[in-house]
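Multiple structures follow.
Common to both upcoming complexes is chain A, partnered first by chain B, then by chain C.
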Partner chain A sequence: MKSSVIIFPGSNCDRDMDVALKKFGFENQMVWHNDAKIPKCDLIVLPGGFSYGDYLRCGSIAGKSRIIKSVIDFANSGGLVLGICNGFQILTETGLLPGILQQNKYLNFICKNVFVKIKNKENKYFKKIDKDVLELHIAHNEGNYFCSNDELKSIEDNGQIAVTYCDHKGNEDEKNNPNGALKNIAGIFNKDKNILGMMPHPERMIDPFLSGEDGSLFFNNLIESL
Partner chain B sequence: MRVKVIVTLKNGVLDPQGKAIQQTLNGMTFDNVSEVRQGKYFDIDVNESDENKAKSQVEEMCKKLLANLVIEDYKIL
Partner chain C sequence: MVEVNEKIAIEHGLKSDEYKKICDLLKRTPNITELGVFSAMWNEHCSYKSSRRHLKKLHTKGEQVIQGPGENAGVVDIEDDDAIVFKIESHNHPSFIEPYQGAATGVGGIMRDVFTMGARPIANLNSIHFGSPDHEKTRNLLRGVVKGIGGYGNCIGVPTIAGQTCFDESYNGNILVNAMTLGLVNKNKIFYSKAAGINKPVIYVGSKTGRDGIHGASMASAIFDDKIEEKKPTVQVGDPFTEKLLLEACLELMAGKSIISIQDMGAAGLTSSSIEMASKGDLGIEIDLTKVPCREENMTPYEIMLSESQERMLIVLEEGKENEAKKIFDKWNLDFAVIGKTTNSKNIELYFKNKKVAEIPIDFLAENAPMYDRKWIKAKLPKENNFSKEQFKSLKLGDCLKKILIDPNIADKEWIWDQYDHTVMGDTIQKPGGNAGVVRVHGTNKAVAASVDSSATYCHAHPLTGGKQVVCESWRNMISVGAKPIAITNCLNFGNPEKERNMGEFVECVEGITEASKYLNYPVVSGNVSFYNETKDKGIKPTPSIGGIGLLSDYKKMMTMELKNEGNYLIVIGKTEGHLDQSIFARNILSEFNGPPPEVNLFNEKQNGMSVLNLKNKKLIEACHDVSLGGILIAISKMGIKSDKGVKLFPLEGLVNKFEYFFGEDQGRYIIEVKPENLENVENMLKNDSIHFDKLGLVEGNNITLENDLKLSIDDIKEGYKNWLKEYMVN
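After this line comes the complex of A and B, so read on.
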């Protein structure tokens, strides 16, 4: 299986993602944001970081970069597109995913492990993961998911909520909402579930000696599903 | 010509920075400040002498990049 990780000026999780994808069997290639086309692949990843220094709004400038047109074409043809953290912000700014990631409610940069509940397993990203709650890492200043009431109803009706912040038992309450996100939303799909954007970083949880292994479950499932 | 644009958060959208500024002002004895909403201001020089054409181009810019219409409104001054 082939994957492409796109590097924007200011991406800083691109190499971690490269390591993670290769560890679980992907043949990964790095693609520069100013390239015109993405090489043939089965998965495109928009990595975390601070593309263009988060100028204007997080992900807004990257969302207009040259490579994005081919990301949109790939996504619209059913290809898998995964956006982590800043990648999630870029996906909302391109319009591939609904809503927006606003500044965290309490104005602080959050860098810690959190638990997230998998809300929908009828998709390639979570299909064969046995657990319902994963421990993953977040590191962001703008992770406060927001959308209009109509949009929220539509994403709920279509099963587009992918993961929500919760405690280790899966309780999705305000206490376990680190950034003020609407309905504790940590990640969402598009309607067809081929595009996933989420704030937590699975690529940081792939080594039992350094962090944890719930990210391994994510990547193992991903390569098996493809 | 130069076109000026203001981008503001829509009513009802949480503005934690505005809130922090309001609380700070209250703490500085400006205790009659009941709300602050923070926005963005742009000066855009367009190589176009026709004011209407320039403004309509800037309007496109607002819709496509300068404002995110999920949470923001724009106003061309």
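After this line comes the complex of A and C, so read on.
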């Protein structure tokens, strides 16, 4: 399986993602933002970081960068596109995913482990994961998901909510909502479920000496479902 | 053009005899640009004029040392072909004036010092000191500094893995922000700042030059008064995004062979970077200031030379490599300009619009910079307190414990480090809040531990002992995670060196640091000095911050402080005399602020530490924590809180005062957790090594108990400990 990680100026989780993808068997290549074309692959990843310094608005400049057209074409042809953290922000800026990511409710950057509940397994990203609650890690300042009531109704109706913040038992209450996200949303799909954007970083949870190992479940499933 | 005279020189922070020396050396009156250059190079921050003669005494050698003080950062060998480049630096004055930008650019500056040497930064740390929590400015300063540190480090994508936060009223008017960075480099590919060869192109890369930070270094060499708000324009403004690009571009250029020398433009910007490169190479340097990329119009030579705009580097390249280098900086969208060349004149020559605007022999600025032998007084060891039985009579162990756990200097600092990305780069195996932060050396079995420590209270009570103690505490932090201590970097924060008492504190702290680092083979390889931390005649307590690093050759053998299993024994290694003077207990419970700090016995320190490493290597230790501020009971409580496990303490034998035993701050101690089946073995090994130890208790249940004297649930003590800072910040 081949994957491509796009590097924007200011990306800083590109190497971590490369390490994770390779660890679970992907043949990964790094693609520079100024390239017009993406090499043939099965998965495109937009990594975390501060693309273009997150100036103007998180992900907005990357959303207009040269490479983005190829990402959009790839996604529209059904290819898998995964955006983590800043990558999620970029995907909302391109319009591939609905909604926006605002500054965290308590106005601080948050770096910690969180639990998320998998809300939909009818897709390649979570299909064979046998747990319903994963322990993942967040590190962001703008992860407070928001969308209009109409959009919310539509993403709920279409099963587009991917993961929500919760406690270790799966209770999705306000206490376990780290950033004020609407409906505790931590990640969403597009209608066809080939595009996933989420704030938590599975690539930081891939061995027992790190914050945890549930990221391994995510990548293992991903390579198996492709 | 402004005519230079003594009055203007004094406005530049020079003393009148220094101005006279400049005129004598030049055999003429300097012009304003030259005066600016002199004032930048001769201020305390750049010239170390009060500290140099004492810093020479520091212990800086060891077989692990590749580069000691004098470069952008120190470099130590961590086996194979790997080396760690590391340094700590202060950004105190700017952070008080403008906390966000001051702290952010402090982090940016120290990272540049590290990647200038060819190393990729792999971890950031910091030591921050604030005034009393009750002081009106403390909350906002803390909030701003933490946001600034996070804002910069998080954006670059380097994890902030450990740190230290202290509160004391002596910092009410002068907070301390010390930032430390570790970088990883192949030991055969280290870059230095020494220029070599004549007619080599001098290249400017990075951000454009603006008017920010002009005279920042001079500001950092002055005491504060009522008008500090007016100094805001001297604070630099950081752009971590550009720094990230600069980091990647520099490392890409360094992968080739075109760089002769490289130096970041930190304090005193273009002035000190160009002069240092030329001075180290015994060369001259010629710069055409018209070619410097500027972001503001009509900047004068004076402003260009003294700007402290951030995210800039100066490089001496091999001839003919300009295009190759330019391509890389174009790719990263950074400015690149050939602004001059090296010469054999041994002068710095500045041109602007085809006119020579300054010419000064480099020697005058570097070697001939003033050096002072400031007067200082030796501190006496304070008399011990004789606490009477009456003072303890009404005290309850549990009440004292709960009160100390919410002391601002003990309480949990999660509110702070949750705001730092501590997991990016995917190698952080021990997060903030432990004995030390630990990151793996990417792709190997090795890991590097790092911590920052300071003990201003001890240093204030007796500088010589305090200096020794803080090195020992750093050493213990390394041991406590199972790392072999390698080397340290020091950030020496002191008051006004022109005052004998402050100068004495400096001299004796340095002496203490030297003695301990020599004995422990824990050399100082880099650092900086920050004097004049004084406002309206009130100086800070002497605060040397020690950043230590250690090596784990197998990261899987790392130790943590979390208690592991019910029924395991807890043992305290090292003798407990019950020294309460200068302890948190004495200050917080007994309101006693005088007395000597705990004695430091270097022999015991080394023996105890080595025995812990020895036990760890034989896999006999389940958890480990050094005993520091607050003594045994605080150490045990923190271990319990971190793991949600209780401890049953054994009754004390003999006529021991339990407050002295549990809250005394004797040095050289560790608490270790041992499985019952290993207990005999551990005891025998310790006895054979003549190491003093006490069996303290058992991991048991959810309470911390001592016979009838103490019974508190872990949940109960956890709440106060965890919430103090969070509640303080929302109020």
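Going forward, the second predicted complex is superposed on the first by the 226 of 226 C-alpha atoms of A that agree within 3 Å, B and C clash if a C-alpha of one lies under 4 Å from a C-alpha of the other, contacts with A are read in each partner's own complex, and residues count from 1 in each chain.
The rule is short, and it goes like this: a residue touches a chain if its C-beta (ideal position, glycine included) is under 8 Å from a C-beta of that chain, and two chains touch if they have at least 3 such contacts.
Keep in mind it's a predicted model, so treat the numbers as computed, not measured.
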{"item": "Which of chain B and chain C A:Ser60 touches, first, second, both or neither", "value": "first"}
{"item": "Contacts of A:Gly180 with chain B and chain C, given as first, second, both or neither", "value": "first"}
{"item": "Partner chain(s) touched by A:Phe109 [first = chain B, second = chain C, both, neither]", "value": "second"}
{"item": "Interfacial residue positions of chain B with respect to chain A in the complex", "value": "13-14, 16-17, 20, 65-66, 68, 70-71"}
{"item": "Complex contacts: residues of chain A adjacent to chain C", "value": "9-10, 12-13, 15-16, 19-20, 34, 48-50, 52-55, 108-112, 137, 139, 141, 201, 203-204, 206, 209-211"}
{"item": "Contact footprint of chain B on chain A as seen in their complex", "value": "56-57, 60, 64, 92-93, 98-100, 102-107, 144, 146-148, 151, 180"}
{"item": "Chain C residues within the chain A interface of the complex", "value": "147, 150-151, 154-157, 239-242, 244-245, 331-333, 417-426, 428-429, 431, 440, 555-556, 558"}
